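Each of the next two complexes has chain A plus one more chain, namely chain B in the first and chain C in the second.
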Partner chain A sequence: MGGAFSQLVMLGSSGMLVTALIVLWRKGVPAYITAYRWQSWLLAALTATVGYYGDGQLYWVAGLLLGLKGVAIPALLRTMQRRFGTEREAAPYVNTEVSLLIASVLVVFAYLLGRPWMAVTQLPTRQGLPLAMSVLFVSLFIIVSRKKAITQVIGFLMLENAIALLAVVGTFGVPFLVEFGVFLDALMGFLVMQIFIYHIHDTFDTLDVDALARLRH
Partner chain B sequence: MSRYAVLVVQPLVALGLAPGLVGFVRWLKARLQSRRGAPPWQPYFEIRKLFGKEAVVSHTASWIFRATPFVVFGTSVVVASLVPLILVPASPLVAGDVFAAVYLLLLGTFFLALAGLDTGSPFGGMGASREMTVVALTEPTVALSIVALALSAGSTNFSQIVARTIAEPAAALGPGHLLAFIALFVVTLAETGRLPVDNPSTHLELTMIHEAMVLEYSGPYLALIEWGSALKLLVFLALAANLFIPWGLAFALAPGALAIGLASAIVKLGALAATIAVLETRVAKLRLFRVPELLSASFVLALLAVMSTFLVR
Partner chain C sequence: MSLILAVLLAPPLGASSLAILVRPYQRFVGWVSTIGVALSLAASIALCTTVMGAGPQQEAVPATALWRVDALSALLALCVTFVALVAMLLGRRAGHPDREELARTRYFWIFTNAFVFTMLIAVTIQNVALMWVAIEATTITSAMVIPLTRTKASVEASWKYLLICSVGIALAFAGTVLAYFDFVATAGEVPGALNWTVLRGAAPSLHPALLQLAFAFLLIGYGTKAGLAPMHTWLPDAHAEAPSLVSALMSGVLLAVAMYAIGRWKAVVDAAVDSSFTNRLLMGFGVVSVVIGTFSLVIQRHYKRMLAYSSVEHMGLVSIGLALGPLGAFAALLHTMNHAVAKSLSFLAAGRILHRYDTTEIGKVTGLLRVMPWTGALFAIGILALVGLPPFGLFVSEFLLVRAAVVTGRFWVAGLVLVLLLTAFTSLVHHLNRMLYGEPPPAVTIGERRGWSVTVLAVSVGVLIVLGVTLPRPVAALITQSVRGVIP
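Right, the complex of A and B next:
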């Protein structure tokens, strides 16, 4: 317990943050999907680590995470991406350098926000809290700053990951049943969004959400 | 005693190893690309050959052009005596912390850019302006990753940083440490003209940065610059290796400890050089306009490193 554990938690959370930043940095949906897969694997590993030091029930959660978010959803994303071809993220609303800098400001903000919180709690995982908040903010930023619907979906999935991370480091994991419900919610949300994206693509021939503002005729 | 030995032994070892390191990267790259490649010790022959040749200097060149090779080589040698390569003196020297080392290396770069402009050739000016752009972009990353290290050690002194990491091995796993390492590695690639930023193996006029600046040099001048650049690569890699993974460094001037220090330095440098070779085989050169994206990504990593050490205390 103690030193090595909190270092590992911090390392995993930073890794998740880096994968979120990769989405801001790279261009091209396959890279985003890979980043999301890495993030989910890191989340599963982190959950298992917390389970090792705390509640053994978290192993189940970790396994479920690995299966659902680490394998199933990335595979679904890949089929989706293959169907639309390798369309690039043409021009996000904010260019890459500026969005990376904005992301760093968001991280600083998350740390400042997390300060009083960290002063109160005595959890060994408390150093992961501001990092989880940072992942949350960065994925929100991905959702608002990218134009393609599929990238926005990946941003949403990363947001979901961030909330799961927050649950794991903030409370040592919520009860299995609640976690399971959240998973199913996320999966349902994803499937609904997938249907939406297929329809957007069929109707507008593009995934650029700017096209939705125009009238069809 | 040991602090004076550092001043003498380390630069000599570094000077001896540097061309071999560059040759090793080239050789490994060639093997990875299914070419036979020149043997790793080829740069030694090249430097000896260049020293035997006549130097040709343009009419329009001023003293800056002649002085630059000595500045580049001299700063590299001085820095090689400062950084922990095989030996960390127990009682630190008065001068010589991380800032001094990094900015001495930048002094060499600055003079190289001046010399590129000095002869008035279009390539020199182009290379110099590009180099200055890249250096200006790497600057904040360098400073921040140093600060990340210095914050956790409470000092910018090499010996104290190394001693702190050895005393607390768990800290080496921390994100502050790892992210700063990645940021510094990206900066190393940019500063030493390696692949995603600059292509070290061609003289393709549209893309070159470092080669464009040294295009006018010949003979012993070129030898000094080549040797100095090789030394710069070695120093940057030694910084990255020994500040973040300091195990194996010698702390006293005992022959046994020195031998272990040398062996571990060679292993670490070899590993990092192999990483560079693999990376250069896998990635293509970035467009010049996309270099800022890479460097701002490394800046964000360095900033995260500082955050996680500074705000979490």
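Right, the complex of A and C next:
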């Protein structure tokens, strides 16, 4: 387990953070889908790397990740996006400049939060931990600051990626049974969200969640 | 034990699969589901007696066992199956036989059974990560039934529910991973490392700082699902827009299942960190929830939303109870049980009111006692039980809660809770009065037969009175033993 391993993990995790940030400064849904696909591929590659240096079982997980999050979900997202045309994320609740500033604050916060646990572990992958937290916080921010239902779903998917990253770099993967259950939930959750996006589009004629403000008190 | 577990879990799973396979919907599917849940209820009663017969010493299970049933699990399983049975008995009649209605009924049974199944898995499984998987699955299955009749409001409510709860629950998974990370960093990879018993046993050697961070994530995550303020924003919408049978399940027991997960993790974290840490957090969220729940009750104009906000308030009380040591935990668990019965009763009665008046506005429902004498009375009983009037069970548990606060020297908590309970009391009774009396609207048919549904709901009332007048010895023993699952 040499320096190369840690370097690779660091590189992959940083790449995942960058793909999350892309969502904050690009405006079109196709760009978000591409960013998500890149992120999933990076995650799969990282998982395989950790599998190479550590537990061989992670190859299976990497394969599943690539198939589900790298290919299947982006394809479904594309179909959905094509069907609804190019609705752009016209005016998010927070504009691009402020979004990026907030994102940088979140990354710093993640590093601060990560300090106690950087101290308790000697894992070669520990550099990835605060980065995983950063991706987590940035995805949360995407969900709360963007208006299109489809963008929110992509934010949610990125949040899931962040947690998968956390599991891989922190613990070299959770037990396979758990991993499998999480996959199943992720898939089901995504499919149900997809159904609801169609429902929203049918009933409201838009994917802008601003229109969803009927229920107050 | 494993046979009982099989009888507990198999019927809802089987009924769900049956509903998927039988197409178009046939009436017998509803019957099979209802009988199945009755079987599950019998199994959960058997679980309770087995667990109590074994006593606390025999609770130890092999570290690698998949299932782990102690008194706390049995208690929750009992609540889930009881509420499910009452709800299904009321919803069993398959509406009008037109095509669309049949498709909807089929859909309803598929997901309601799956919903019950996932809740039962969540409370009996030993692995905390698989418990997470089951709780996440409850979100998916219940979100599918909310927009059964697709309106703008129901689509909006279910979208909010799905998104907010999925995000919240994802954070809970991050917390689980953090705790596991801590475990692996200390003890290395051990089979069954995510099992609750193993975690709890190893907790004293784990790193407190890391576990604290993990608990913060877990509390926010599962707290979102449990409807603790300020993460409760999805709750009033989802509970008000869901079909009443589903509202009864969501409000009565789903929130309790999420609180169960918090309680389990509290026991682990308390073994590593001084318990004042988790207590402070639970107390904070609890007080905020009770305050927000109570004041939202005052301004409510819709009766189903009113019931939903009352759930926020009650979950706040449970959270406060969990923060008050063994006495408080006893009160909290008893309160969970009482709340499950009273809230499901109220929601089911509210569903019947909605069916007759075709409005959810309090102002448009007048003369309820003349229009629907039986349902009106049952609804009134449900509300009076929820505000904590004797002779109903919630009076006892709220009294015990306040006493626990006084005994542990937290007078301000006791005082605040009393003031807020009084506020909730006045506003709920005020809303109730407006509904019960007055001239009925001209369009509404007057009169009601005492039917099957009324008898079923009367059983709930009976349970509430029994729990309030004489807390039966077996129930008290079961709860006392359950407290060990939450407090070390």
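Simple rule for what comes next: the second predicted complex is superposed on the first by the 213 of 217 C-alpha atoms of A that agree within 3 Å, B and C clash if a C-alpha of one lies under 4 Å from a C-alpha of the other, contacts with A are read in each partner's own complex, and residues count from 1 in each chain.
FYI, a contact is a pair of C-beta atoms (placed from the backbone, for glycine too) under 8 Å apart; a residue touches a chain by one contact, two chains touch by 3 or more.
Remember, it's a predicted structure, so these values are computed and weren't measured experimentally.
A.B. asks: Will chain C clash with chain B on chain A after the two structures are superposed, or do they fit?
C.D. replies: Once chain A is superposed (C-alpha atoms), there is room for both chain B and chain C without a clash.
A.B. asks: Touch check for A:L8: first (chain B), second (chain C), both, or neither?
C.D. replies: After superposing on A, A:L8 lies in contact with chain B but is clear of chain C.
A.B. asks: Should A:A48 be classified as contacting the first partner (chain B), the second (chain C), both, or neither?
C.D. replies: neither
A.B. asks: After the superposition on chain A, what angle is formed at the C-alpha centre of chain A by the C-alpha centres of chain B and chain C, rounded to the nearest 10 degrees?
C.D. replies: 150
A.B. asks: Taking the superposition as given, does A:L177 touch the first partner, chain B, the second, chain C, both, or neither?
C.D. replies: second
A.B. asks: Check the residue A:L21 against both partner chains and state whether it touches chain B (first), chain C (second), both, or neither.
C.D. replies: In the superposition, A:L21 touches chain B alone.
A.B. asks: Using the superposition on chain A described above, determine whether A:L187 touches chain B (first), chain C (second), both, or neither.
C.D. replies: A:L187: touches no partner chain.
A.B. asks: When the two structures are overlaid on chain A, which partner does A:L68 contact: first (chain B), second (chain C), both, or neither?
C.D. replies: In the superposition, A:L68 touches no partner, neither chain B nor chain C.
A.B. asks: Now for A:Y111: first (chain B), second (chain C), both, or neither, which partner does it touch?
C.D. replies: first
A.B. asks: Who wins on chain A residues touched, chain B or chain C?
C.D. replies: Chain A has more residues touched by C than by the other partner.
A.B. asks: Now for A:L101: first (chain B), second (chain C), both, or neither, which partner does it touch?
C.D. replies: After superposing on A, A:L101 lies in contact with chain B but is clear of chain C.
A.B. asks: If you take every C-alpha pair with one atom in chain B and one in chain C, what is the shortest distance in Å after superposing?
C.D. replies: 18
A.B. asks: Enumerate the residues of chain A that count as touching chain B in its complex and touching chain C in the other.
C.D. replies: The answer is that chain A has no such residue.
A.B. asks: Taking the touch rule as given, give the residues of chain B at its contact with chain A in the complex, in rising order.
C.D. replies: Touch residues, chain B against chain A: 170-171, 173-175, 178-179, 292-293, 296-297, 299-301, 303-304, 307-308, 311-312.
A.B. asks: Which positions of chain A touch chain B when the two form their complex?
C.D. replies: Touch residues, chain A against chain B: 3-4, 7-8, 10-11, 13-14, 17-18, 21, 25, 96-97, 100-101, 103-104, 107-108, 111-112, 115, 118, 127, 130-131.
A.B. asks: Can you list the chain A residues touching chain C in their complex?
C.D. replies: 113, 116-117, 120-121, 123, 136, 140, 143, 149, 152, 156, 159-160, 162-163, 166-167, 170-172, 174-175, 177-178, 181-182, 184-185, 188-189, 192-193, 196, 199-200, 203-204, 209, 212, 214-215, 217
A.B. asks: For the complex, which residues does chain C have touching chain A?
C.D. replies: Residues of chain C touching chain A: 127, 129-130, 133, 136-137, 139-140, 143-144, 147, 150-153, 155-160, 162-163, 166-167, 170, 173-174, 177-178, 180-182, 184-185, 193-194, 207, 209-210, 213, 236-237, 240-241, 296, 299-301, 305.
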